[in-house]
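Letters A, B, C and D name the chains as they come in the text, with residue numbers starting at 1 for each one.
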Amino acid sequence: MTVAAKNSVKTAAKTSVKTSAKTPSSKPSKTLLDDLVLANKILFHFNVVDAFGHISVRDDRDPQNRYLMSRHLPPGMVTPKDIVTFDMDSNPLTHTDVPQMSERYIHGEIYKMRPDVISVVHCHARPLIPFGTAKGAKLRPLTHMCGFLGCGVPIYEIRDAGGQTDMLVRTAPLGKALAETLSDKAVVLMRGHGATMVGKSIQETVFRAVYSMDNAVVQMQAHALSAGGEVEFLSLEESEKSMGGRNVPRSWSLWKHQMTAGS
Amino acid sequence: MTVAAKNSVKTAAKTSVKTSAKTPSSKPSKTLLDDLVLANKILFHFNVVDAFGHISVRDDRDPQNRYLMSRHLPPGMVTPKDIVTFDMDSNPLTHTDVPQMSERYIHGEIYKMRPDVISVVHCHARPLIPFGTAKGAKLRPLTHMCGFLGCGVPIYEIRDAGGQTDMLVRTAPLGKALAETLSDKAVVLMRGHGATMVGKSIQETVFRAVYSMDNAVVQMQAHALSAGGEVEFLSLEESEKSMGGRNVPRSWSLWKHQMTAGS
Amino acid sequence: MTVAAKNSVKTAAKTSVKTSAKTPSSKPSKTLLDDLVLANKILFHFNVVDAFGHISVRDDRDPQNRYLMSRHLPPGMVTPKDIVTFDMDSNPLTHTDVPQMSERYIHGEIYKMRPDVISVVHCHARPLIPFGTAKGAKLRPLTHMCGFLGCGVPIYEIRDAGGQTDMLVRTAPLGKALAETLSDKAVVLMRGHGATMVGKSIQETVFRAVYSMDNAVVQMQAHALSAGGEVEFLSLEESEKSMGGRNVPRSWSLWKHQMTAGS
Amino acid sequence: MTVAAKNSVKTAAKTSVKTSAKTPSSKPSKTLLDDLVLANKILFHFNVVDAFGHISVRDDRDPQNRYLMSRHLPPGMVTPKDIVTFDMDSNPLTHTDVPQMSERYIHGEIYKMRPDVISVVHCHARPLIPFGTAKGAKLRPLTHMCGFLGCGVPIYEIRDAGGQTDMLVRTAPLGKALAETLSDKAVVLMRGHGATMVGKSIQETVFRAVYSMDNAVVQMQAHALSAGGEVEFLSLEESEKSMGGRNVPRSWSLWKHQMTAGS
């Protein structure tokens, strides 16, 4: 983590404490709600999530103090009316009479720590599980679509933060420990559980979730094909240079097209 | 197997002998029938079963002495009118003029031995086959969705019970031997054949069938990725702690939604 | 190959020489045509064939001297009017003005040699390719659905019969060499090409094609999981005992249901 | 590269310089446009491309100096009105007010160097990635469908041509270097990126893209099954002999049928 990142993290942590618990007086923008619902559908379509997993986004009415996420529901069933407003301590400000995701602290604690993050995905994507459990294995970028993996993919060991648990990040301290393990990276793997991705928009975070999974599939094949020999990954410079550009909007336009055609 | 489990097994075995063969005078509850038919569709949808495999549930009119299961049919074709009532010796009490599953003894014998079991799935799910045939391989829980594997997954060797056979559990003694191998566990693998899962409800048993398969896929990848090195599984405590909660109803709500949308 | 098999092969080879080339005066039975068209659809649905591959059946009007197979078409596009009648030298007796499968000799030559065979599938099913090309690998039955693999799966090396070729069985001598390699078995793999399956009915041959592929997928996983260690296959006796029964009609009933629901 | 190939390359390179930048006065033939749009759909259907990748064809009005390709769009969304005319320096002559593919130089530079090439596919097909990144691995033909791989599959290392980049072939010199690595072959792999295929028609190039991917999947399995032992590939003579024939039109007829049925 760079010094600049550390400082911005500190500032964010301070400001986020001011979160008030009052009910929001207006609705989030329709575009944001629609994108969040669409993101749920896309993540389900590509098997990033099954009945479990969730995506959140900072609330555009008060991005420093609130975020939006579905109530306790499988992502494939989420509609606009299921979107809850949370404060940064992950207390629901709406929909207070229905069950909420027990792992919402993943989202709130990352937003507190990372002012640069606008959206968070938590998932159990199957191809990512081996990279969190096979000792010595490291998820690394094999193609330019996955440059965001280049700066490293830490692994969260919940035993270090909570001892023997049911594996769920169901408290603020466990969420904070996850955010600290994530640090300034794009993806954190969670041993025996899944992964969490962050990005500067819903679109970028969904893109990172889909392509993390993609990279995992191909990387397992590359290691098998090399039979334990050398595999050539992107260099750090190649990773950084390939992260920008038109990849995210182009993927999003296709996925939106596919989800709409299928409905 | 714990002492408590052994005792409850003995009691169950005794009571089940009293089963009478008279035809049931009423119909099972519509909810139970609907759930059983839906379970057949879900198992087929997720490739837990193909043309083969079956799911049963204790009959809610007389759970100690009867169970319900489809007549001899591929699970993907089962409708409510195909559901047969069996006694615990696996004699059909209805639909006596049509062919029955030759392996129904799997179900009856487990119900006799395990009073805690409400529903049983038998399947040939492909990813589970290697774990029953590769010497030394053990199916173990890689994520918190599969904590139910944590107490161990025994392997049934039909040669021990029946010598050289056609591999089918087509008699009560073979079924009893399978139930004894299963013991107090959630899943038993069957060498050269498939697997059998049990649970406290149709929903839980279907969940265990789907996620056993899931764990198998991911575990094979983890072993390959570690290239024979160490893989970190859930600890026994983590397995036990992660088994409760809202996982089963949440999955079921999605699967029901999917099956209904698809019809 | 047993002595009995050898004798029946000799007899068959002699009688088949009498085949006359006259055009058939009636149509094959509608049931047979419908089953053959359905078989094409099933093989395509399960990726046993893609644009390539074919299935034939002995003509029920003159089973010793004629067989039925599609004209040169992808199996997924075959309709009843595309079914050609061939003599056992693989000359078309109908549809003589359109292109025919260049590898029809696979079918004719097997029918000549194997009077017990009623239907033949030739395919390029992907999971079977490695078993024909990886030195030392042997396709063997892992479950009771695949007992038909128990008596052995020979590999056809076209170089032995034809030297350096385009790999296609496009002459009678190449077809005869394949039939000789198949001998009295159910499946023959073809190095650098695919596989050919035979059976006592369209239904059985399709079943063997689908489950050969299935066994290949699972067997590759079992070898990987055992990391080169021992894998337990069905014994020869288990293979033989598990081959009969209700497996084939049950699968066929499901597949027919699926193909009809999808049309 | 043969002497003949080298000479034709030189001639092509010279003539292509004469390309004029004037706007074309007529439309490309409807057949060519329809085939190009269909090719986009097929490549998307078979996961050769996702949101990324493209296919071009020489413009039948002026094949030496122009080619046709979609504007910047995911292939699955391309319609006839999105097809742009480019000169051989990859300048758009139509649709000049919309974004173009940044990697169009792949196409133009190959057309300059290879007068025999009529169509080019660039893709990120996942199963091909390991063969470009696992040191020592070589993509080689396992079946007669993939004879076109027999003459060798070079790997393009963009660092040799451009140092540390964003991995994209976004300039003419990088495209020229790729064309030189491709040389007179059918397929070139691109380290950390994907692959590029060429052929004598849209149909042949799409066929090569689909079956390259197919061969990669099966070859990885064959190496795993042989556990590092020997795998038998097609000989060079077998590769050459198996490349002609009716494979391409037969596949195309099926794919066209599938794409039309799905619309």
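Methods note: a residue touches a chain if its C-beta (ideal position, glycine included) is under 8 Å from a C-beta of that chain, and two chains touch if they have at least 3 such contacts.
Just so we're clear, the structure is a prediction, and the values are computed from it rather than from any experiment.
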Shortest contact path, chain A to chain C, counted in steps: 2
Both-way neighbours, i.e. chains that touch chain D and touch chain C: none
Can you work out the rotation angle that lays chain A over chain B using Cα coordinates, in steps of 5 degrees? 90
At what distance in angstrom does the C-alpha mean of chain D lie from that of chain A? 35
Mind checking the centre-to-centre distance between chain B and chain D? Centres are C-alpha means, answer in whole Å. 50
What are the residues of chain C that contact at least two other chains? 223-224
How is the touch graph of the chains shaped: line, ring, star, complete or other? ring
Pairwise chain contacts, counting only pairs that touch as defined: A-B, A-D, B-C, C-D
Sort out for me which residues of chain B touch chain C in the complex. 50-52, 72, 74, 76-77, 99, 102, 124, 126-127, 129-131, 133-137, 164-168, 191-194, 220, 223-224, 228
Listed in rising order, the residues of chain C that touch chain B in the complex are 141-145, 147, 214, 217-218, 221-227, 229-235, 237-238, 241-242, 244-247, 250-251, 253-255, 257-258
